[in-house]
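Each structure below appears as structure tokens.
Next come two complexes, and both contain chain A; in the first it sits with chain B, in the second with chain C.
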Partner chain A sequence: MLEARLEQADLIKKVVDSIKDLVQDCNFDCNDSGIALQAMDNSHVALVSMMLKAEAFSPYRCDRNIALGVNLTSLTKVLRAAQSDDILTLKAEDTPDVVNLQFETSTNDRISEYDLKLMDIDQEHLGIPETEYAAAITMSSTEFRRICTDLAAMSESVSIDASKDGIKFSANGDIGSGSVTLRNNTTLDDKSKKDNVEINLSEPVSLTFSLKYLVNFCKATSVSSTVTISLSNEVPLLVSYDLGSGSYLRFYLAPKIGDEE
Partner chain B sequence: MGFRITTWNVNGIRNPFAYPPWRDQRTFQAMFDILEADIVIIQETKIQRKDLRDDMVLVPGWDVYFSLPRHKKGYSGVAIYTRNATCAPIRAEEGVIGVLSPPKSSTSFRDLPKDQQIGGYPRPGQLSGVVDEAILDSEGRCVILEFPAFVLLGVYSPANRDESRDDFRMGFLEALDVRIRNLVAEGKEVILTGDLNIVGSELDSSNVAESLKKNDITMEEWQSLPSRRLFNQLVFGATVSGNRDEGREQPVLWDLCRCFHPTRQGMNTCWDTKKNTRPANYGSRIDYVLCSDGLKSWFVDANIQEGLMGSDHCPVYAVVADIVARTSRDIPLLDIVNPPGMFKDGQRQREWGQKDLLPLSAKLIPEFDRRQSIRDMFTKKTSNGLNSSVQTPTTQSTTAPQTSLEESVGSDFSRISSNGTAVECSIAKKNGPSGDAIPAAINRSPKQTTAQKRSADSPGTADATTKSKRSKLITDNAAKNKVAPGQRTLQGFFKPKPTSSTKREEDAASVTNSTVPTSPAQAALASTVAPTNRSPAKHKEGTPPPRSELATPVEWQEKVFDPIEAKESWSKLLGKRVVPRCEHDEPCISLLTKKPGVNCGRSFYICPRPLGPSGEKEKGSEWRCGTFIWSSDWNGSSS
Partner chain C sequence: MPRTRTAKAAAPSSPTAETPKASSSKYTLEATTTASPKLFVLPKAASKEAKIVTLPNPRTAKPSRYLVCPQTGFYEFTKIAAPKSVPRSWLIETTSDSQRSGQTISNAEFFIASPLDPVFLLLPSLADSSIAKGSDDKKKLFLSGDDYFDQLPTEYSHLEEILQWTESKTVLEKRMAAICDTVDAGDETMFRINREKLVSLCLSKARTLSGSLPISVEKQFVAKALQAPVVNQRRAPVQKSASTLSEAPDSGTSTPLTETLESQSSAATIETAATSVDQDTVEVEEAIKPTEDVVELQRLRVALDFICDRYISPAVTQWVKEGLASSNVQFSALDEYLAKVAELRAEALAARSLGDYSRKHMRDEDDDDAREQKKRKMEEEKRRKQNQSRGVRDLKKVNTTGMMKLSSFFQKK
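Moving on to the complex of A and B:
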């Protein structure tokens, strides 16, 4: 039996919105520690990993492991019926055919309830190893989105070079080339803290990625004001949005093979 | 087993997937395997560059070269797929003339250094120049691949549609003719494949007689139409009336299907879908595999595959022997359809690698270039029954480059898992009704369910309920497109409501007719006029409201909007029309007149059966009969 109450329906709305273009059907795996999701896109180039810890809910109850196989387009349709500040309650039986979603206004005067049919999804689960990344950049999520969309106008792919001079995003396309370089910029001033750029570098790294996917990841910009981008050679890029209290929305992207000769 | 070259105008690259046998797997790899082909030339891809998808570009074990139209979108388009295990071209070009340039370059093919050219480009003065060269090559109609043994042209020649395209059509064919003759003159062997949109002789079409009659020309004139004349001068053994044109003194190509089937009638490769002429085989042969003289002896078979559905054309193929005679000695074909050094004496010397990709290969389009699978970058956490049952990719083509190797493993996984699900479903269906399946399902622990859900090769009875529910979900979805259950039809609202409706109708009356006077007497007067003037449906029916109902105004007004009568008129408007029946007593089909003229846009009914082998409507036969009814002359209605 699953019962999870979320103060702000907004969070789930935004998370589902940001991944629904990447993944069509996926399992929400619920257990006593929270609700997790892992899915690859059709071309097996990108992977989404979401974790909503039990602490994000009040209360949270899940006695047994339950997999909720959901079509994300359908889920989006149901979530559209919720206001951002509605209280959302998810309910499901132990071997469910449907998941029940209840939206309650904060003033408690309107309650709407929806049952969404579930499906059996044979999904492969990848073990994502803990990785020490050679470079990690924490920055404003809107700034990251801007870089991706700006460079996507130039080329299909971007190369990200992290060195002691900073981090450089460069794109080389048919109409010309462009690049954006960011340097470490940390202030303690609370007001401008969200514009901080924090670079942790253990060794220089340079990799090339498809911008189409990065732009797609940036749909998650609204879930968090900051984003962390982590890179290492021979490892997929990690774009991580922190959702608070240990919860996260992460995207992994396989780099393009080799360099052009 | 031979080396097979197959050409097919698919009329939309995904079109065949709607038909068996292609629809089972819906992958190009499976399609090409069923075709048993080593080179597949596809015409009318009807796709834009931006709509190219992984499944059509990154086909495991295959490489592909596209030529897509520069301007017109979702039109024309040629693709050549080559099987990495058996062949690899050494040069690839787009366009007939060589004016286009390779990707990421501004030097056109014909201006490349000699050692990078395929050659045979039309020299100044060889083309009439009626249509600009750049335009001739802009419609995505030709891909040229060069192998050490021969040059292969995959062509979608313009159709003979209307006069506005005649110049383009002839310009294209002229350029094709010149290019082929130049290549042969340079000592290269040539294979021309594709939908040429030309009927060579009377034997190759069912409708020659009709076309002679329609255009009021003689057989000789038909034979001498410019495109046919050009084609017949190119092909060995074809009839050319009068003297041959200058520069076309000698034929250079063999029509392989005719070589193997010289007198076969009805060897049609294309039929009219709209008229449904395929069942009676009323069509024409316009798809060809042609080869130059030096290659003729290499071929061991050529035929059409008229039984394969999926397009308005059928596939056409030719098979080359495994060992072919070249200059002085016999040589394994594999040695000469791959880059030098890749095969020796029919044995592979080195693997096909990423660097063998030619610039025109679609795998190098930025979106698909240097693709890496994230699955392979993460080690798998659990190797459950399903995964471990799939062995390492030894069965897959050993020639694929690393990336496509990974892709092929990927597709193996998915194929097996989908097979697994299919098995499960059928088991579930069997178990569903049986009594003991359900208790078992109740007793299971949820953890077990999840595990079993994921493992495809141990479908226990416990799965039965879940699985059957899932299939139910699918049927529900399918039903969604129709009218949802519980949805009332509009007609339901016009059923008589004897008591409560009175007042509402009274209101309606005053709303619809603001001029109705308030006093009952005046109302009665106005109302006798009202029905005839205002409700055309009733007027048509010619049933004026009965006068006897004039007793009280209320009762009388009720009659004006008589619910039963209204319902009838509505159903007349909304009800399904009964279609007329033809001489076979089958319901007719309705078509729209497309031909310009007074009747353009009018719809009519004709017999639903396919057109007979004569190409005409037939009396008293199993094929289409002469029934013809203008829709406006037909009054059938269900009520």
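Moving on to the complex of A and C:
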């Protein structure tokens, strides 16, 4: 039996919104530590991994491991019925056919309830090791989105070069080429803190990625004001959004190798 | 007798079927005979003493009617009848001037008596023990003619009476000698069947027959069997193999025991077959043509098959065919040719089934199934697509060359 109450329906609305454009159907694996999700896109080159820790909910109760297989488009439709500041409660039986979603207005004068049919989804789970990345850039999520969308206008792929000089996003396409370079910029000034760029570099990295996928990841911009991009040579790129209290939304993308278009 | 319709209907001696209706007429009718009369064409050679007797059929061992004449031997009956679809009757007039009388017979059939070699009648008992013993027929004992006669089925058989005529016994034993080794034991002759003699007898009969095969048989079983599929024409005529011979003439020329035995005349059956053959045998280019020797062998085989199917029981036929292998007539050339024809036909059939539109109907059901499945699949796909976000759809178009699958970076759990 699962029962998870979330003070702000907003969080799950945004998370589901950002995932639904990458995967179609996926399992929400619920256990006593929280609700986790791992899914790959159709081409299996990108992976999304979500963790909503039990602490994010109040209260959270899950006696057994329950897999809630949902179609994310359908879930989006249901979640659209919730206001951002509604209180959301997820409920499911131990072997559920449906997941129950209840939206309460913060003033407690309107309660709406939806049952979403579940489906059986066969999904392979990948074990993702904790990796020490050669370069990790933490920056404003909107800035990252801007870089990606701007460069996507130039080319299909972007090469990310991390060196001691900074981090350079460059795209080379049919109409020309463009690049954005970011330098380490850390201020403690609260006003400009959101523009901070923090680069942790242990060795230079240069990799190429599909911009379409990166733009797709940027749909998660609204879930967090900052994003961390982690790179190492010849491993997938990690784009991580922190959801607070140990919860996260992470995207992995395989680099383009041996193909400098 | 006036040959008008009305007069015929009111004919005083109209038999069986018309009796109840005619009772209201002003003519008084004679009592109907129990069985309707039958017409026979009898051989001139048969003497006055000739009798219609019942003897076991040499092939089936079922009692059948034969005409036996003490002097000239045995005759079998062949029923000639019009096809059932063409109702006919006999109208018979006597020719004597003193009193003109006529009669109708509702069944337009008649029986022709034709000479039969009595050796076939005796073959079951002669060959019986040799076949049972198989190959070591040498050990078979010589037996007297009477012993063989005794071995024939006696039920419904008039053989015993026939044998009381001295002439007929001589005739039978003379014919027996034609296929047997004989030994004189005192005043009696003892017989033992000899397969070589039997085979050569059959072959000589077949050879005579093959020289005068009816045109319909020639077309159906000789020309058609040897015909290779045409190369220039797409629609090769459907071929019948020679083995079907056993059915067609058998039904046509049976010696009937009772009148309920219904069969069409052999002439009628084969006539219809012949017309259908005509349509197919257009002048077309054939892949291979049989040589004259091959045609001759096929004729001989057809004739032999006919004789065997008609007069020799299946078991004995088998035995005779085995003996045929060691005879001086070799069918290997024919067999080779037929194998080649069969091969060509298989090829033609395979080619035809590809391009034959008339077979389309047969596949329709399968097509329906496939179409339905396709439709279902498409609907499912459509539903899936409806539940697919635009982002997912867009990502499908992304060029992912050079990108390895994530499962190559991360281990599966």
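Basically, the second predicted complex is superposed on the first by the 258 of 261 C-alpha atoms of A that agree within 3 Å, B and C clash if a C-alpha of one lies under 4 Å from a C-alpha of the other, contacts with A are read in each partner's own complex, and residues count from 1 in each chain.
The definition used in the following text is that a contact is a pair of C-beta atoms (placed from the backbone, for glycine too) under 8 Å apart; a residue touches a chain by one contact, two chains touch by 3 or more.
Computed from a predicted structure; not experimentally measured.
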Partners on chain A (chain B, chain C) - clash or fit: clash
Chain B versus chain C as contact partner of A:26, first or second or both or neither: neither
Partner chain in contact with A:46 - chain B first, chain C second, else both or neither: both
Contacts of A:73 with chain B and chain C, given as first, second, both or neither: second
Partner chain in contact with A:122 - chain B first, chain C second, else both or neither: first
First, second, both or neither for A:64, with chain B first and chain C second: first
Touching partner for A:156 - first (chain B), second (chain C), both, neither: both
Touched partner set for A:216, first chain B, second chain C, both or neither: second
Touching partner for A:97 - first (chain B), second (chain C), both, neither: first
Listed stretches 170-178, 224-232, 350-358 or 368-376 of chain B, narrowed to the one that overlaps chain C: 368-376
Chain B/chain C common contact set on chain A: 40, 42-47, 124-129, 156, 208, 210, 212, 235-236, 252, 254-258
Contact set on chain A toward chain C in their complex: 20-25, 40-47, 71-74, 76, 124-129, 156, 208, 210, 212-213, 216, 219, 235-236, 252, 254-259
Of all residues in chain B, those that touch chain A in their complex: 54, 366-367, 369-375, 377-382, 386-387, 402-403, 410, 413, 417, 420-421, 444-447, 449-450, 453-454, 456, 466-467, 469-470, 473, 476
Touching residues (chain side chain A, partner chain B) in the complex: 40, 42-47, 64-67, 94-95, 97, 117, 119-120, 122-129, 155-157, 208, 210, 212, 234-236, 252-258
Complex interface listing, chain C residues touching chain A: 384, 387-392, 394-396, 398-407, 409-413
